[in-house]
């Protein structure tokens, strides 16, 4: 199979955005990977290897081979990401590729890994498509997705804002935006909300005033910002500037919702996030033992708490290593088999299942809210609710995930 | 009707940003004839002047607060700005909050310095070189400036809020007799618009009521001959560049509260500002300003839901579409002069 | 009936009537000079002939066809070549290539997609170009960048570019301005020869009376946009009006 | 500071008093091409010197070198104007020091009207003739004052270029082919003007292809040949010396 | 788009050193219709491309410097593909002087066309590439017809505007056609009427040339060295050679001379009886077809077409490649493309781990110091290095890399003839 490790080492490829708008997020992912490599090689405090329910990992590398890694820059462009993934596979002999900070990149690299016959462990990618219509047998996603965000958010929104609401969606005009809008719409509409309008905003937009301004006039009383990264920072800032936070509509307080939160965005938007609901995959303030262990070893190493991107990447690295140990081989198809249907715990999200049908992890989802009185520059979100996994589970043939097929695993040449 | 007023208002402030950037660019590109890909970077540096000033003002020392713990369970370190000690807590806080307007004063000398240094050290040698070379060198410079900023400030946007006095918004609707809350307009955007108008006016006055503009235009058309007339054109070009840098920088400083500064914001605006300058007509300041407002307002209209529903995607391409139509219909843009940068 | 017939041509620039009621007939194989004070409209008239300007009124017929409304390259293809008042050459190209371009235009017309042929293979044209350069005494400069020629040389090059096309009508706007006396004399000889031996009609604008009187068969004096007189050189020389408006004491 | 050159070294520089303009051993290059190959000459105050030579002899290059333009580069030599070391100056400093050049291609600034072209010359003191007076000298320019300079006829542009030089208070006027493209009457006119300003003390170097005319006006003549001085003496001498005229001027 | 004629200050080399100028007369057609010098250049390029797997892998795999090896299929393919793109761009920009800022649009169109071909018809690369070239050519004809009505900076902005529109549409509105942000990719259920939808093992088939899979490679191990010979690379390389040969022919043809005439003086051209418009349009379409060819090849090597390859920065990149290498020269654009892609792919992959590996031999303090100094320039700082390089090249080597080469070869051949320029003015101040 492709890049079978023959010597005493095994090479993993970390493909993260190092330049471009998501560079900071990429840097955090890279930190997590480096930490994971340390722990796998038995250095440091071992981190979540100690709390992980599977005990296959022994801190002596993977299958006794020392873990080495190469890095690449995705530039958050599918072309560049594929180029750097290919170079890691062709030049450096990486047997697994992981990372990424956007769905477009994840889908593109996943398809590449499928062709080349290596395993792809997706990093931060939230679009339904990654494990929906663009799923691939060699690709796995630990991160949650748009559907789960919708399913987790809807009850909280209902509890806080009632079921008689009129929502106005602003949606970034690309795949992730579409799936997120669809997910949030269908779950909020199911509980009785009405969608007044959904407007697509260009991805390159920097000033959202002309999209925000008409919101109040439309008769809506909730604004859903299906934006991520810089888009979300700007649209949220604009929305607050235009007084939406203080406004009244239909006799209720006007509200804003941000389906997918990240620390990156919360920091960029500053005070604007206070009190605004959204969802995340994980947060460092979780009190379970695994999370606390991870925060401690990451914080000791780098001096600040890890982001959810760092968490998912760290976990993916561990999950891959564990699967190889359990399979007893680096052979992709063996790894796929080991991961499919794998149930585990102790990695910060509670009991989790890697579903065989679509290679998506099912676990609890966090609903968070911008903190009113942050105590530090990392303490920006507070957990409102931990939505149990059952509430966010969907059948593999759910319409939002329709089309596409896993195909069969590819061992490559 | 109110929707239209709203979009005009929105167009105005977007337009004032475009106009200010285009104004600075036109001084360099339309007047000096240098294709300056680093202009966006100057805008970005302006915005970071505000960030820097706010960092300086809120410089602080740390004390340990034993009563609280940080995320690792250690005693919490608390930062106390020096400003609190100097001016008292309330006044210190106010000064920190007013960082953005204060940054105007801070940015002017910095930007002029950067502009002058850039012209003397680099651009000076490129007036006679082909545009392609200018693009390569200024693009290189833009990348370098960008990376330096990224190195120190990170890739994330950094929120730079307006002073509390300017948060909140102004109810235009009430003023015009519509229902309350129908036409809200943030105070800071109003400030930005007025600020832009003042800068534009000042630059116009400077160039119109002095011979400076004419000399620089002549110098661009034919440096050698202007030199033969005893005029030190190099000095004037340097001044012009400093001025343009200052205009770009000020546009950036004041834009911070509208758009959290990040290291690549310059590139985001770059292409658009070139389009604005060319649509306005090379070398024409009024053209640049008019095109800035025109495109700003059109963009606002194109992003109305009603419009998008009729022509999907129009909001994505409106500026380019309009630019193409204008350039085909009017060979030299809205107010271009004949012969400027035509071949 | 002349090869070139200009009838009632008028041209306005804003408030300025640059040409009015210009009538001119140039007979085949003659040299027709147009003289007149500065700003009389001579170059403007020439511009109307080659399609650079379109006259407001009147008609211009060349070889029985109207040139109005045609673009410059079509007019050139009809057989009119022009030398400009300030030299227009291909500055980035070598002297030789300047001439070759003229030859290609003559041979292949306004556009031909000869992307796979080789310039070096065109022996015939190369030789023709070299003969032409030899005639204007520039053979030794054939590999020079045209832009770095001295001014007089640029003029000669431009003239060579026109001559090599063997036009039916050659329009010259002050061809010898800035040329050294020796070369001016050479040019006069050259023009005389081409008029006689190659059946090229020449219309020339010149302020150098030596050139005008050695070459011209007929002379039109233009003043303030209208022809003042038209006659043979001997008559013009002594014409009192011409003397006053143009020649001054030099004549 | 450099010590003033010791002209006694140069045999043909008989003058004992330092001349008004002295050029000493000047070498000029365009890139790698060596054009002016070490020339030295003096011009006395109030003199008109004709600088003659064939096309490409280096006349323009000489003037441009004196005017301190960036191209050509003067790699060696000294230039003194009225005790000021021009060779250490940039072109705008030389202009302020009192030098005016009328370039051979006129160099009217595009985008500016006639009047703006003149105004531009009066931004940097010392200021010479008033614009009004210049319009009196060239009434044509007054009529066209609001027209864009580059759309003037060739001759009008020449007038504008000369007027622009006079608009500044200069000590030394460098004229590169000023008669080119002008009607004989206007040439007479300009010649008169040159005499007039000579009487007022202006020193002039005149480059002209119309050698006879130039020599009639000039006090002295310098003949250049491939970048070196072939003759330096009184104008009358050239007019009398058949062989000289034949060899270098072809007249 | 330059105002050079106004400022006579700069007039480049005295003897016309432009391609085609040399030996215009008296040199006859040599092998393949090329003059001796051009033929030698072509041979050089043949040698470079054919031996690339060796040349680009100079360091043994085990050495620390192996990081600088570029001889793996993906990057080698990229070198030649971008080389083709830049060669085509140079035909427009280098010869006619029309600076298009939207050429990436044609590359994108080419890629989409090829991927659609793979989806609908089959995985053979030949028809896909043909369709790419054709589509890009037609598209260029349309856009060129409109944009060439303006010249100078106006032309640049028009092309930029068109390309940005294409990008915006491809990224969002036309998602069904282009795959939007993710890009257009193959799926298991594509029809592929002349091929199979799936391979026997249930995977998507890969692009091939009559059964020869593009990703097939043969490895050769010699001592510590490993050399990879990849089918896709050699296919691209052969296409590059054909493109390069065509470009030489165009440069040396009367057509090429006319294109240079456009750059020099359109007015004179018109009065010489030539119509500049169709010449410029032909050049535009040809260079658009080159871009389409590059796009088609890119999709053939890696069957996914992303919208970012149409973004303005991608158009800017080819401009930079061309200038960096030397606009208007034959080999320059290829070199420029190679250098930029090398930096992007090699420098960006160096991380602190690797640095520590290299400098491990130093004492600890010094090691850390050296790494701190170098670190900002590599890995995530590779853009900084790129920016500095752009500046350095234009400032010190106005003619791009080709000029650097010429200077070196001149220096090697001896320092004669420099005495004159060295004796700069010695005015004492």
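Lettered A, B, C, D and E in written order, each chain numbered from 1.
In the analysis below, contacts are C-beta pairs under 8 Å (C-beta built on N, C-alpha and C of every residue); 3 or more make two chains touch, one makes a residue touch a chain.
Computed from a predicted structure; not experimentally measured.
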Both chain A and chain E are touched by which chains?
B
So which chain is the furthest away from chain B, centre to centre on CA atoms?
C
Averaging the CA atoms per chain, pick out the one whose centre lands closest to the mean of every protein CA shown.
E
On a C-alpha centroid basis, what's the spacing between chain B and chain E, in Å?
34
Could you put a whole-Å number on the gap between the CA centroids of chain D and chain E?
50
With chain centres taken as the means of their Cα atoms, state the distance from chain B to chain D in Å.
48
Separation of chain A from chain B, taking each centre as the mean of its C-alpha atoms, in whole Å:
34
Chain B: which residues touch two or more other chains?
221-222, 224, 313, 316
Sites on chain C at which at least two other chains make contact
148
Expected list for chain D, residues touching two or more other chains, is 30, 33, 69-70, 110
Hey, which residues of chain E end up touching chain C in the complex?
5, 11-16, 18, 20-21, 23-29, 33, 35, 249-250, 252-258, 260-261, 263-265, 267-275, 278-279, 282, 286
Chain E residues touching chain B in their complex are 1-4, 6-10, 93, 99, 146, 149-154, 157-158, 160-162, 164-165, 168-169, 171-173, 266, 312-313, 316, 319-320, 322-324, 327, 376, 381, 383-384, 386-391, 393-395, 398
Residues of chain B touching chain A in their complex?
2-3, 6-7, 9-11, 13-14, 17, 68, 70-72, 76, 150, 154-159, 161, 167-169, 181-182, 184-186, 188-189, 257-260, 262, 264-265, 268-269, 299-300, 303-305, 308, 313, 315-316
Chain B-touching residues of chain D, taken from the complex the two chains share
67, 69-70, 90-93, 95-96, 100-101, 103, 107, 109-112, 116, 119-121, 123-124, 150, 164, 168
For chain B, which residues are in contact with chain D within the complex?
211, 214-215, 217-218, 221-222, 224-233, 283, 337-340
